[in-house]
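Take this structure, written in structure tokens, and hold onto it; I'll ask about it next.
Order of writing sets the labels: A, B, C and D. Residues in every chain begin at 1.
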């Protein structure tokens, strides 16, 4: 960490600041220029409160040199984290595939769709029981009833399931859920993150619409610091001025994250683009960029979907998308889902 | 609502779509161009599911003509909503002032700061007990202990208090809180919004970092539709590429919101800018643009603040800021806080 | 085009508006709802001035239904445009490769780098003679001297060259340049676009940092309407709040553009990311998403580069990147550059 | 400037880097931490090429401590720059007012509008002869014919005129123009900036849609370094995800710029919002935030305007807007335009 002092900062105040830092086991090295004096902080600065320093009158600005996260930092943990759910893996060097409908609607719909995505090679199922919707007048999900139907699909396919938690008060209902999803809108719901740090299930953490890569890692650090190292990061598009796509899929976040952290990184091309015809090319691009997995919306009848129909693939289109991704992945010596 | 059909959409499928809409009491008017056919939907379309229509294969795109919110829409409720907390008003044509520290730290700090902001004319107190922090290693607030200290400041000043709810599980602790704040990061925590719709306290709803004005209104609609019409909207800066300020304060949101909704609109210049020296000019600008209130961070010793010290005013600076705002407000025939 | 009228718009003023539009050969269809009346415009609306209509007092808003561009619109020109420069093609279904240094520095540097990128399979050369630099104190390019050196590289390799035009006053110097590049910062330099519409060379048009896909197509339409149909579009990253990469590469723009226009679409992973280690994964992703070409910065000694060294590949790294791209492209039955 | 070295950077390469910097009269101070070594650079670093350093393999990242601009930096030039055009001032502590139509259409329109804005207190006239339009099918301005008409308005009113330069090739036509405007889309047209540095007229430099405050200052530095210190900066809205306004007016840029530079800063509420009804509140907000001037679009018949009618005020509305601004300005002891 670097502290840039204001011109003419009184020596005694600078000394006081330094003593305060030294009390936190930080060593300080002063660099004096003609117009600027900077303090170089040496030691474990990730717990030093940047804001508190910035509030000092003698301080012009503070800049970090080291990352503010430690547990999820690849520098301190070079090996990849591999998530293992009853033998289905994410982060093992292959491309995991999570697929299923946006929302669970009927037993027929969820079981049939899940059977079909399994046949096309998916190794995890997705489906929404509790749905975050912009409008209170939109379908809000079947809630606990939806979870029950999803468990039928789990049983029918034998595949692990992923579903979104929208409130800690629902956590009791998630006993048989295999991976708990934290949605983009809850990425900085810190009370939820803390609680999930104490839970023994893998967490799928989606990047918020306006959140930086560093903030995503800080949210993962909340879960990690709480004691749960099983975290899957998901890039799902950020908000920009472009309106042709629902969001702008930041595919470069994949290689950037793979460098900064040991956690697996997957991509959601369905929510990122909002258009089914873009799901296949963006899935292929994500695999080519090194993603550890894909989470894709598939509906057995998109035109009748109660939610996100415009971005859902048919099972047939999904199978062809998987086929293309498999070919791309083979260039990187990776498998996609369960099929060779 | 306007539906733009794909070229060559089969007549029977178009008919089926129309029949489905007519069943929702929507009348349809077809406009045929050389390259495009559009359907104009007439009736109460705010509950029609745009996404479901967009998912139809025959549909190229759908555009709204009317706003998707109704309860908070000024068109259907032309008079201003006035929030009345034991005689302290927001939205009555004057400028309400909510002030206090970012976080509650000690009894001395919160009571002293609150007494001083009261003396400078604030009519509501702010203070954080539960704090949303990007890093798990930053100070997280005194939590329930903080709330108890805040109640002492309420008693000492006689002013109503505003504080942030970070989890529904804390709601029981908020009995003596006068206004519940929903933070920017929870603006689309829909489960929380639904629950607050059933609560009988005014809600201060902050705009999310990456949320549009329309989304802010849709979140307000959640609370309104649940039965709670006492909602205060707060512009607090949006995320852009600019880095000189923490966020970009969207002051034009004030007159835009005042046109679209009957709810009061206040501005938070402290979080928007992140720099204490910008709080005064931005407060003056917000008042000049027609804001119904200001929420400002004040600390009796910003350099020792455990949180957001860099953006906190001293009580003395706050008093001078209030003075300037009063002069600006007098141009619009408005009062600021409790002083003339 | 759809015109939404204000509630209570006087009939005579609506009639006047309609008569004005009918005089432009537009047919009008009125749709009357309870709260809103809309006018549906039928005919060739791409020359109708939306803004002039929005300025009418009786008009609430105007929405386009058809795209505002015609010449570059795939709807009216379904076949792909193929750019042919002395037998080197862009847009023919393969992946063209344009490579070379950010800026031309010395004869040795440009000729050596170009020979090496040719050996690795590039079919076009890039190199900057006139350089747009944020700071007036940065290296501004060798200018006309640089162009002369670039022609030596052209001669030595036999490959066509691409270089940026920064001012119309330099156009005379571009006689032997094969493709003229319009940089991101000049995407809406309309006087330049108009002039290039009259020129008989292909134009490589880069998307501006804050420009939408539609605006990019409108700038292409300027060149097309001027009489020059040989336009190559280039996605090179847009500006967002993320700071880990220089810009955010919008790879979904590739399939979106391929649907909207018949022009070829290439990707610049070097400027988009600003980091050489991201160039290979992003090149592979761009090819997987269907790009018609890549433009990549290569320097024979990046550490000594006068410009953009941090994002330049060494010739060796470039060759390996080409190799990976070739394997990805083969999945789509495409060739990359000149090598099999 | 701070250089953060990669872990394990070989001593001889670090030494070579240091020797290179010392040759530029930079002194270097090494700070060694457990995981990181940083080099603190002391001396005049604004000409040191950050990018070249970042390209070194041993360098992890580089951070600036000082601003990269010098001529326009308030630190080195504390007094305000005052622009004086035949006695009409910008930057003298009052609020200058530039008003007139978006584009010059007819003699009657421009002269009449200008007479009316003069009567309402404007001290400069604006009017577009060369118009940057997104679509090639929109009205492009009357060009040299328009300039001639504008000179009639100048003569009729006796007020100095401001108009936009879209190409250096038109510069000869600008002899009688008093202030040359560089539009937002040309803010980084560096060849134009360099040329205008040699010109003896004041330059009104608009902030680009996606440009940071620092980039705006770097563009001003181009003009300043060329020898022309008469620069007026203009905030006119930046591009964000919000669609209710054309752009998002960044009013905090006003006090931020006033701190960083000695140049005057004005605000364009017309282009920022795109809606006439927002011009008055945003003008008032800009004045309250400390702007040195306003540039406002006024048309004697907005409904017939060939360009930007929706954001143009009528002369009557402009007069009332001026009146409100005068009252706001009096709080800051400033005058607005020519009226008391």
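FYI, a residue touches a chain if its C-beta (ideal position, glycine included) is under 8 Å from a C-beta of that chain, and two chains touch if they have at least 3 such contacts.
From a predicted model like this one, the values you see are computed outputs, not experimental measurements.
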Farthest-lying chain, centroid of Cα atoms versus that of chain D: A
Chain pair among C-D, A-C or B-C whose interface repeats that of A-B, sharing over half of the contact pairs by residue number: C-D
Whole-Å separation of chain centres (CA-atom averages), chain A against chain D: 39
Rounded Å distance between chain C and chain D, as computed from the means of their C-alpha atoms: 27
Centre-to-centre distance between chain D and chain B (centres being mean Cα positions), rounded to whole Å: 31
Multi-partner residues of chain C (each touching 2 or more other chains): 210, 238-241, 243
Chain B partner contacts - residues on chain C that touch it in the complex: 2, 4, 29, 31-36, 38, 40, 42-44, 63, 65-66, 75, 239-241, 243
Residues on chain A engaged by chain B in the complex (per definition of touch): 46-47, 49, 51-52, 54-57, 68-69, 130, 132-140, 166-170, 185-186, 188-192, 194, 208-210, 215, 218, 221-222, 225-226, 238-239, 302-303, 305-310, 312
Parts of chain D lying in touch with chain B, wherever the complex brings them together: 210, 212-214, 238, 240-245, 248-256, 259, 272-273, 277-278, 281-282, 284-290, 324, 327-328, 331
